[in-house]
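Before anything else, here is the set of structures, which you'll find just below.
Paired with chain B in one complex and with chain C in the other, chain A is shared by the two complexes that follow.
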Partner chain A sequence: MGRTGLLDGGREGHLHPLTLFALTLLALIQAFLANQLVYALVLALSFLVLLDVSPASFLRQLALFAVACGVVQLILHVDIGYVTSIFLGVAVLVVRVFPVVNVGCALMMTSSSKLLASMRKLHVPNKAAVGAVIGLRFLDEMGDRVKEIKRGMRVRGLRPSPLRPVRAFELYFVPLVYKCLHVSETLVSSVISKGIEADCEKTSYRSLSFGLLDGAALGAGVALLGVAVWV
Partner chain B sequence: MKLKDIATIAVLGVIGFALGMGVGMITGMFGALSMYVSAGFAAFFVGPVYTIMARKVQKRGTAFCFWLIYGVLYAIMGFAVATPLCLIAGIVAEIIAGDYGNKKRVWLSFSASMFIYSMHMIVFVLVLGSDGLATFVESISLEQAQQMVSMYTVDMMVICVLINIVTELLAGRFGMFINDKFFEKGAKESRLG
Partner chain C sequence: MGVIDIDIRSFSYKGEDLAALKNVRFSVERGELVVLTGNSGCGKTTLMRVMNGLIPDQYEGELDGRIELLGKSLGEFSSGELARAIGNVFQNPTDQFFTRKAADEVALVGENLGMPREELIERVESAFESMKIAHLAGKDLIGLSGGEKQRVAIASTLVYDTQVIFFDEPSASLDHEGIEDFRRILADLKALGKTVVIAEHRLYFLADLYDRLYVMAGGQIIDSFAAGRLRAEDCARYGLRALDLHGLNPENHRQLGAEAASMKGVSVSAGGRALIGPLTLSLREGEVMGVLGANGVGKSTLARAMCGLAGGRQAFSWGVRLRQRLRRSYYMMQDVDYQLFFDTVENEILTDQKNIDDNRLNEVARIVKAIDLWDKRTEHPQNLSGGQKQRLALACAFLSSKEIVVLDEPTSGLDFMHMARIAGLIEELAEGRPVAVITHDLEFLFKVCTSALMVGRDGCEMVDLRARGSSETVLRFMGCVC
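On to the complex of A and B.
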């Protein structure tokens, strides 16, 4: 299911998963505290992190950010009554949490085995680590499964109608849950057959050492948090 | 709890969160009406997910893990202020659900926990006030927060509570209906046992 299996050659960034996790937390705290300048710097840092992992995702997120900013500007110039402030609030929120989403995307693109190995280093219980990795990976998977369901419905000539909401819900929801349960069972079968439940010490094919880039990214993140708190 | 159960909870927790968040954002755009029905309407989408998960796993801690995932994902999305409420909802759901063998208790555990969660805006308004809301909830400006606090009168809160009680109970029943129709009777045996 994942794009980045245990031994695949998929592109990965240079940052350690724990660095990405720490940066996600820092970006989250800064979303509450940062002023415009610090926000812009955190945003730039998050885009750099994403560029390191996947240039295609970097371009996609950049385009989405431009669209979100455009929507904010548009709403600022259009007054549609009470709902204006609600739309504006949602649009501003989307723009504001962009750094968190960018780093989160980078984290989601990190291979599951690398994530598992780094959680093991932190002594996270095995079951909790597997649950977290599957949940994280699945956020990325859901869109693909919904597209599959839409394709299947088109082939079978099924059309959900807003006049029959329960049937429409069943058409989308039931196959989605079945697909998801199938995926989770396949994944668990796979990791159990690879010996995840064995009590012996686990090793990893992936290099999990902290590098200079990790130090630089974390240093920049902590420094920006310091500035945000200080200002 | 087996690894298979953890995976099921993780996957269904993510689906429940995505559906709840998506529907909540759409209904949030319906202006003043959203203050009454936003969380209640989203419950019709989360209810089936919760019920299927609870009936499939049937282990102690399932409901708490579900709400823990909700809380963690909310924190990642920048709404960390909602996380404690999700944890309280998880504890209440866990107490009511018992050993998950009784369908009515599962239904009620969802309705009760979702009701606690759906009260988040009222709790925020009462506990945080306009200044706190503007500080901790990123999507709300001070002006909006003041407007919101002034709108949440006692009458409105009572109406919200009543509407949410009814919608959460109906959503729990709807979840049970979907579970019984598609996942309970013809459910296949898992390959993992």
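On to the complex of A and C.
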């Protein structure tokens, strides 16, 4: 048996990144096709996937799901005129895409190294693979950056108002985009200097193999998609 | 023939007429530690980019000259091959990491260059051991201290037994302890026979390590010094940072006014862990209080509590409630990018468009000229350089009319000239109101602060820097004196 790396066996979920990617796509299709029963099963599967990767994120998503369901129920019982159906539509959509968000979160928490190695195995062009992984890395950090921007606004006495959505968007968006551009300049320099452009067969530090759980999760995902299409 | 041979007649970035480098010629021998220093914009970073091949790969431009590494022209290295020969550690370790886990980051270069997995596992382990950070292998990079991140970044250069390592302003994000730690790392790298090139403003920690030091200005090397030959007079002549912190003494001996603010029994905590407190102190008009202490000790958390961004109800004289403190204080963040929101420098300063009269406009014009941004007043703030953004954020604090101003590391990564300019502005800012400044920069502290709050893990101590013997107390606290 070969040597194991310092991270093999560590807790970062048991599913292969490609399985997570496939499950994200399946959940996305089912969000629009599935009936109530299939939706409930897909939702349960997505929560299990998230639990495998991060119990803390699982609990947070569970709480958010409960809140979203509560909002739907509230709108159903409160009549606020002709806009009720708009709010209801948005709230139902949020609840409906929860399985996609859950599996997407699990994918975002997967190591960039593992993702890159998986894409390399699929012969995804190097530039596209690196771009996708860098994009996911930024998504992962977005929450922290938005929190800092919010803090900056409070200090400057700026209050984004929902009545001026363009201005509010601008206040968040401008510093966020500039920050990401600055970070990406250093990051791209760093990965270039680490030989990311080298024209050779790449290897992987992490052990990347499909396991029984991958088979089970994919089997369940495909079966549920089949039921959704059939029904 | 050296490990690196440089002969650059000129280099200009694409679209720019002015040459960023002119007539730069030198060699670096195997095992040498070479320092490049000079004021911001002198060409240090450009020279590093030329040497590590990022110019012209990542940054386009016109290069007239020749750079040889290990006897081979840089142009003859195939794409990515340079990573086997040289390692790079960039200014902000957090931004340069591609992965989430330390071991993944260290392994990345081996994966990219196709190192067999068995060998890669062995090399990664050995790199972690060389840097004495085996315990960090499985850790999330985001939670590591600045010094730990530096070590991980350096470990990644050891996977290929890299001969040459480049560091771009490595001390910018480190506290005093981190810099000492980094000094030891450099000594270890020298002992391993590595060739090291460092672009840096702070020189005191390199004083007994460098083999050759080049001073740059206007894209040229204007002077060079062999090991131990740089003197304090040379630093003064070229406007460089101090070579020895022991000769520093407090310079701001101004008379302070009446008590302007106070806090009684204030405590701060983060994630349920008590950090500082209970802390009782008062600040007077014109007082500039430096806040010192190691990273993670709670300085920024205290600053946020002072400005109503955290800490709940506490006995601050300018507001018990968060909202009151937020209204009456100003906090300049460590990363000022997060508090610049408008489309021009002018609009950034004139946020309160309703209360503009001639007096206000004259005051704004004076400040913009004082921070040397008059010519850039119509530019987008986010397009300014790091130092310019810091000065702009300071101007916003200056014009905010808040009762107390708190600045979080306003001089990190600044050269002597810009640091001195910021110090002058802060002294003016403190006319009639107290200012608290979190800093690791002792040169800056002694230049502008009238008092220092030393935050340790076992408690806090306040020192009046105008009193005799205070510099020794501060230097002892920072670990500069035994």
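Rule of thumb we're sticking to: the second predicted complex is superposed on the first by the 197 of 231 C-alpha atoms of A that agree within 3 Å, B and C clash if a C-alpha of one lies under 4 Å from a C-alpha of the other, contacts with A are read in each partner's own complex, and residues count from 1 in each chain.
Operating definition for what follows: a contact is a pair of C-beta atoms (placed from the backbone, for glycine too) under 8 Å apart; a residue touches a chain by one contact, two chains touch by 3 or more.
All values reported here derive from a predicted model rather than from experimental measurement.
Student: Could you look at A:Val188 and tell me whether it touches chain B, chain C, both or neither (first, second, both, neither)?
Tutor: both
Student: Give one of first, second, both or neither to describe whether A:Ser204 is in contact with chain B, with chain C, with both, or with none.
Tutor: second
Student: Is A:Leu158 touching anything from chain B or chain C once the two structures are fitted on A? First, second, both or neither.
Tutor: second
Student: Output check: A:Ile196 vs chain B and chain C. Expected answer is one of first, second, both, neither. What do you get?
Tutor: Once the two structures are laid over each other on A, A:Ile196 reaches both partners.
Student: Of the partners chain B and chain C, which touch A:Val90 in the superposed model: first, second, both, neither?
Tutor: In the superposition, A:Val90 touches chain B alone.
Student: Once the shared chain is lined up, is A:Cys180 touching chain B (first), chain C (second), both, or neither of them?
Tutor: A:Cys180: touches chain B, not chain C.
Student: Quick check on the superposed pair: does A:Leu139 touch chain B, chain C, both, or neither? Answer first, second, both or neither.
Tutor: The first partner, chain B, only.
Student: Should A:Ser112 be classified as contacting the first partner (chain B), the second (chain C), both, or neither?
Tutor: second
Student: A:His14 contacts which: chain B (first), chain C (second), both, neither?
Tutor: In the superposed model, A:His14 contacts neither chain B nor chain C.
Student: Residues on chain A in contact with chain B in one complex and with chain C in the other?
Tutor: Dual-contact residues (chain A): 134, 170, 174, 183, 187-189, 191-192, 196-197.
Student: How about chain C: which of its residues touch chain A in the complex?
Tutor: 52-54, 57-58, 78-84, 86-88, 90-92, 95-101, 103-104, 107-118, 120-122, 124-125, 128, 137-138, 156, 304, 307, 309, 326, 330-331, 333, 335, 337-341, 351, 382, 396
Student: Using the touch definition up top, name the residues of chain B that touch chain A in the complex.
Tutor: 1, 3-4, 6-15, 18, 25, 28-32, 34, 45, 48-49, 52, 56, 65, 69, 75-78, 80, 135-136, 138-141, 143-144, 147, 178, 182-183, 190-192
Student: Touching chain B in the complex: which residues of chain A?
Tutor: 24, 28, 31-32, 81-83, 85-87, 89-90, 92-93, 96-97, 100, 104, 126-128, 130-132, 134-135, 138-139, 142, 169-170, 173-174, 176-177, 180-181, 183-185, 187-189, 191-192, 196-197
Student: Going by the contact rule at the top, pick out the chain A residues touching chain C in the complex.
Tutor: 2-7, 10, 111-113, 116-117, 133-134, 137, 140, 145, 148-149, 151-158, 170-171, 174-175, 178-179, 182-183, 186-206
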